[in-house]
Amino acid sequence: MAEKYSREMVEVISKNLHRQQDLGKVPVLDVRNLGIDFGGLTAVDGFNMTIGPTEISGLIGPNGAGKTTIFNLLTSVYQPTRGSILVNGINTKGMTTAKVNRLGVARTFQNIRLFTDMTALENVKVGMHNSIKCGFISSLLRLPPYFKAEKEANKRAMELLDFMGLADVADTKAGSLPYGVQRRLEIVRALATNPSIILLDEPAAGMNPTETEELMHQIRRIRDTFQIAIFLIEHDMNLVMNVCEGIVVVNYGRIIAKGTPEQIKNDPAVIEAYLGKKEEE
Amino acid sequence: MKKLFALLMAAVMVIAMFAGCGSSETQQPTADSGETQGAEATGEATENAAAAGAIKLGMCGPLTGGAAVYGTAVKEGMEIAVEEINALGGLQFELKTADDEHNAEKAINAYNSLVDWGMQIMAGPVTTAPSTAVAGECAADGIFMLTPSASGVDVIEAGDNIFQICFTDPNQGTASADYIAEHKLGTKIGVIYDSSDAYSSGIYEKFKAQAEVVGLEIVCAEAFTADNKSDLTNQVTACQKAGADLVFLPFYAVEAAQVLTYANKIGYEPLFFGCDGMDGILTTEGFDPTLAEGLMLLTPFSADSEDEKTQSFVKKYQEKTGIVPNQFAADAYDVIYAIYQACVDGGVTADMTAEEINEIMVEQFTSMTFDGLTGAGMTWMETGEVSKSPMAVVIENGVYVGKE
Amino acid sequence: MSFLQYLINGISIGAVYAIIALGYTMVYGIAKMLNFAHGDVIMVGAYISFSATNYLGVPAVLSIFIAMAVCTILGIIIEGLAYKPLRGTSSLAVLITAIGVSYFLQNAAQLIWGATPKNFTSIVTSAPISLFGGQLTITGEVIITIVASAVIMLALHFFTTKTKIGKAMRAVSEDRDAAQLMGINVNRTISTTFAIGSALAAIAGVLLCSTVPTLQPTTGSMPGIRAFTAAVFGGIGSIPGAMLGGILLGVIETFSKAYLSSQFSDAIVFLVLIIVLLVKPAGLLGKQVQEKV
Amino acid sequence: MRIKNDRKTQLTNFLTYALVIVAFVILQYMSEGKMLTKSMQGYLIPICVYIVLAVSLNLVVGISGELSLGHAGFMGVGAFTGVIIAGIFRDTIDNEILRLALSMVCGGVLAGVAGFVVGIPVLRLRGDYLAIVTLAFGEILKNIFGNLYVGKDINGIQFAFSSEAIKLAEGGKMILKGPMGAAGIKKIATFPVAFVLILITLFVVLNLINSKEGRAIKAIRDNRIAAESVGINVTAFKLKAFVTSAFLAGMAGALFALNYSSVNASQFNFNTSINILVFVVLGGMGNILGSIISTTVLYLVPELLRELQDYRMIIYAIVLIVVMLVTWSPKVKQMIQVVQVRIKDLFKKKDKKGGSVNG
């Protein structure tokens, strides 16, 4: 498998693969024997999983189990020590986070990372960066392509905001939005990059039950509308069990169980490592 | 908040601009609001003079920053001369000084502010780089300029009305090489110079060229820059290693003190030979004069000179500032007296325009002979270059001793 | 033999850079600000010592302590008036006030002591050591400077690892908010850091001017920038790094003057710095901090 | 669909252009009518130059969020390139405006190239380490220019790093003389050209900020990791900002040099970089109008303080510190906010029930 692609090549391949993916032949995400060490300490090891197109999967585990590290590996924030990650059939080894995103992986962050000084709308437009077709010279000289592209971008960004019920706050600075709204805005920004899979890192954290309930609907709606896969880390078991079709449980950087929500609920290893511990508290 | 501040700033800007216009407009005709300021600095004598209508002299130089030592020396020297002249009655001078921070851009601003004040003769600037820029302006505006200490060739090349009272750099370089060769002071010559400074590198270049002509062997030439001149130990070491028996130091006393101190520490004792910038080394506060023993320099001025004029100047300068004047102060003193002589001889009066004075001054300077602290029988060529003979002095028992 | 001599010269000026850099790096580590006025505090320290010995007749060694006391007070005043009100805002804002303070100190010094340079009398009176029949000379200043910088480095190291206030400093430098939550008085810790940094600056001033005797209002600015470079070179925030960076910078500067080009030595020094930073982006001994995602 | 925020930006941009144009018209009118003092006349071009420098540095420091301490280096590249080009074509291009424009463009391009070279470390370094590298490059550039000799004779142009290496034929002329810099430059800079340069700068910078590139650059500043996660190539955009900024600084540098009859390398030192940085920070990070105003004010303050003689620079230092404290101190900001709220309350006395739940 070739490892280095030019930006153009990546785009061409990913487009073709999107088509194949529609046929359901290639998994969106194919992770094989993934592992990373931090200075001798093994944080993640032997992580295997595949996620098909339009699949909603969950990643759970106790605090410090290595969940966010796995997300960071999937998005090339960290380079893995072992194993490989294939996004739409392409190995992401050595790629930058930006390149992996262009391959089709978008994400949100556990500690929200919005562009706080920009409005909600601008945040989304930053997400659309690579799909706005307008050259440097055009925007510098304010040639017609610039206005056309900006108009289209505004229109699409508003549509996306509207989709998550955020149209009202389009003009508000992201930093001054309430917590729950910020989380949803991060999802919109991730969606704006036209991903084939979106990684949500604790999307319900800090939300009240009503908001969480709404979020569950929205996650399903995102999958149905955009026909993309979703992979999420979440501590809210109600959300995970209700939304996810497949669940992976990790502890100490290793997979301890894998299966449908029903299977996971009854898995003794999970109960011991995760739920059991929870009861003790 | 930001907007509020922006508005505030805008308001200040507008006020500042109008204040700038206003103040200089009102100043020009009556010429007293600015005068009190200048007069305070120059003492009582000028204050009386102001009423009678004095010729306005402008001086700009580095009064703050790293080169402030030269600018302040020139300022003090000029103020003493102006006081003396005004006390004589007769022709009166009024001197205004402006800071140029040893920067060409700021020098132009300083010059412009002096022109706005009504300057009729430019007695400055002090250092070469600002002088080159100001000389261009003086030439274009037709204001006579006589610089006390800017020795670069580019300065006087700017126009026919630009004159120097100090030697030009090439002149010094050539003269030094000639003198060394003539008196067989050394066979292996080491040079340390400031490659970022116009004065120092200007002298060095000509020295090197002339050394070839007269057959001096330069065994090492070590440069430093304004940014790393705080450490000159290497350059001294290099000269020692190269076995130089005479080290030529074409730069100022400040750095020379460092070189001499370090050479003494490592027990390196060649003959050190300096230029006019070296003057003042004996009086640098805290410097051990015995270290300068045997140092030889070409300088037009020595504060230890026995003649009456020098003695009186040195005394006044010490009373005023508490320190012994260096060559910059002496040059500045001479500048004022040279201008005074030319004004008297040419019949310049305070009501003449700068252009009229300019013509008279150029005529006078190219024809007159002037005796000052820094040389007797000075004459000027049409290029603006001074012709006076450099005097070689050697430091013996802590005082300058003249050599022919 | 000349190689050795150059090496000693380089270490000597490098040790001065190192002492200045120690002050720089400590303040940076704790207050996270580039204190561009540090070089000017050095200048003030040197002037105080000079004035004490030359005008008041105080013995040279005692004058160092006077300089340290004055600089400590000065440091605390500067910190309290100009930096403390801006705590918690952009570090750039503090950088600009530091520049303002630097201008202020330089011009105040010119008003007080005049623009004419003073020739600083070295505090070291011992004769230079001559080796190999005069081939190699080591001056007393070199030895004192090297010893002083090593002692200061060790003392600082001991101070920050063993004493309570030192530990508080480290805690503040690691995580200011967490330190505050643990009951550490962050403001007082930072003020203390400035006090110590300024006292160090006084020593640096005396040693700098003993090696390089010219004392004028701008004396501190260029060595200040060099020392800042040295601190970054060694890894800013790291105490041994400042020492190593300072000495290496001095040696590189000396060697480039001696063997490459005295004309381009500035460019060479900075080029080496850039190359080092490209290879080790956090400096020689600096910790590469990975941003938590 | 109208977007409120866009309108606000448009209004600010319009105000910026309007202020510059109105100021130019008034000053040009006064200048033509000889209503300005010589000092005022003399400030016009340097202020324009520094405005361009501050605005372009704001692109790097304010918009891109990287501390650069070497802006004067790019200005110097532009200045020396400009002087050399103007010197070479002194006899061949008669039209002064054309010669000036050519010099400025060449100065800009070369500074842009230098910016590209300097920008490469930008790929690897962050924060204060980047700051020191920019400082280092600035010093290197200054060191090189301080030792560059350029001569011109009938055989062509000669470049060297020592004066002996240049052997000029009869009638040849030195354009650049190492540490002595260039002297006898024909002053061809004019206020209208300086004004046009400000307009170009504003056009480039404001259009860049309000485009997808600008959004990407701001996104990187606000949160680099998030920007990467949405597919933005961090390096490329930082570099774009840096090169654009260097290009504009180069143009300004060329204009600056051709406004004086002499120029030398030490004018483009660290202090100059710091001064420009002061203009930017005081005007507000990313605030272009602020940069313009603060540059003008701060340039004029020390000039107008000339009457204070010895106390001039010390007063300037105090002004600088006080202004920084007043504009940045959280306490003062709080006070101003309280006052603002009180004033607002006075105007609209709405009932204040139902505070926000989400907080």
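The first chain written gets the first letter, and so on, giving A, B, C and D; residue counts start at 1 in each chain.
Definition applied: contacts are C-beta pairs under 8 Å (C-beta built on N, C-alpha and C of every residue); 3 or more make two chains touch, one makes a residue touch a chain.
Not measured: the values here are computed from a predicted model.
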From subunit D, the most remote chain by mean C-alpha position: A
A-D or B-D, whichever has more C-beta pairs in contact: B-D
Whole-Å gap separating subunit A and subunit D, where each centre is the average of the chain's CA atoms: 41
Centre-of-Cα separation between subunit D and subunit C, whole angstrom: 31
Whole-Å separation of chain centres (CA-atom averages), subunit A against subunit C: 48
Subunit A: positions in contact with at least two other chains: 77, 109
Numbers and ranges of subunit D residues touching at least 2 other chains: 139, 143, 147, 225, 310, 313
Contacts with two or more other chains, residues of subunit C listed in rising order: 106-107, 263, 266, 293
Complex contact set, residues of subunit C against subunit B: 2, 5-6, 9, 12-13, 50, 54, 106-107, 110, 114-122, 128, 130, 134, 137, 139, 141, 208, 211-219, 222-223, 253-254, 257-258, 262-263, 265-266
Subunit C contact footprint on subunit D (complex, rising order): 61, 67, 121, 124-126, 128-129, 131-133, 135-137, 139-140, 142-144, 147, 161, 224-225, 270, 274, 277-278, 281-282, 285, 310-311, 313-314, 316-318, 320-321, 324-325, 328-332
Residue ranges of subunit D in contact with subunit B within the complex: 19, 35-43, 46, 139, 143, 146-147, 163, 177-181, 183-184, 187, 256, 260-267, 284, 287, 289-290, 293-294, 296-297, 300-301, 303-304, 306-307, 309-310, 312-313, 327, 333, 336-337, 340
Footprint of subunit A on subunit D - complex, ascending: 1, 3-5, 204, 207-208, 211-213, 215-216, 218-219, 222-223, 225-234, 240, 356, 358-359
Touching residues (chain side subunit B, partner subunit C) in the complex: 63-66, 68-69, 71-73, 195, 222-235, 237-238, 241, 254-255, 257-258, 261, 265-267, 284-288, 321, 323
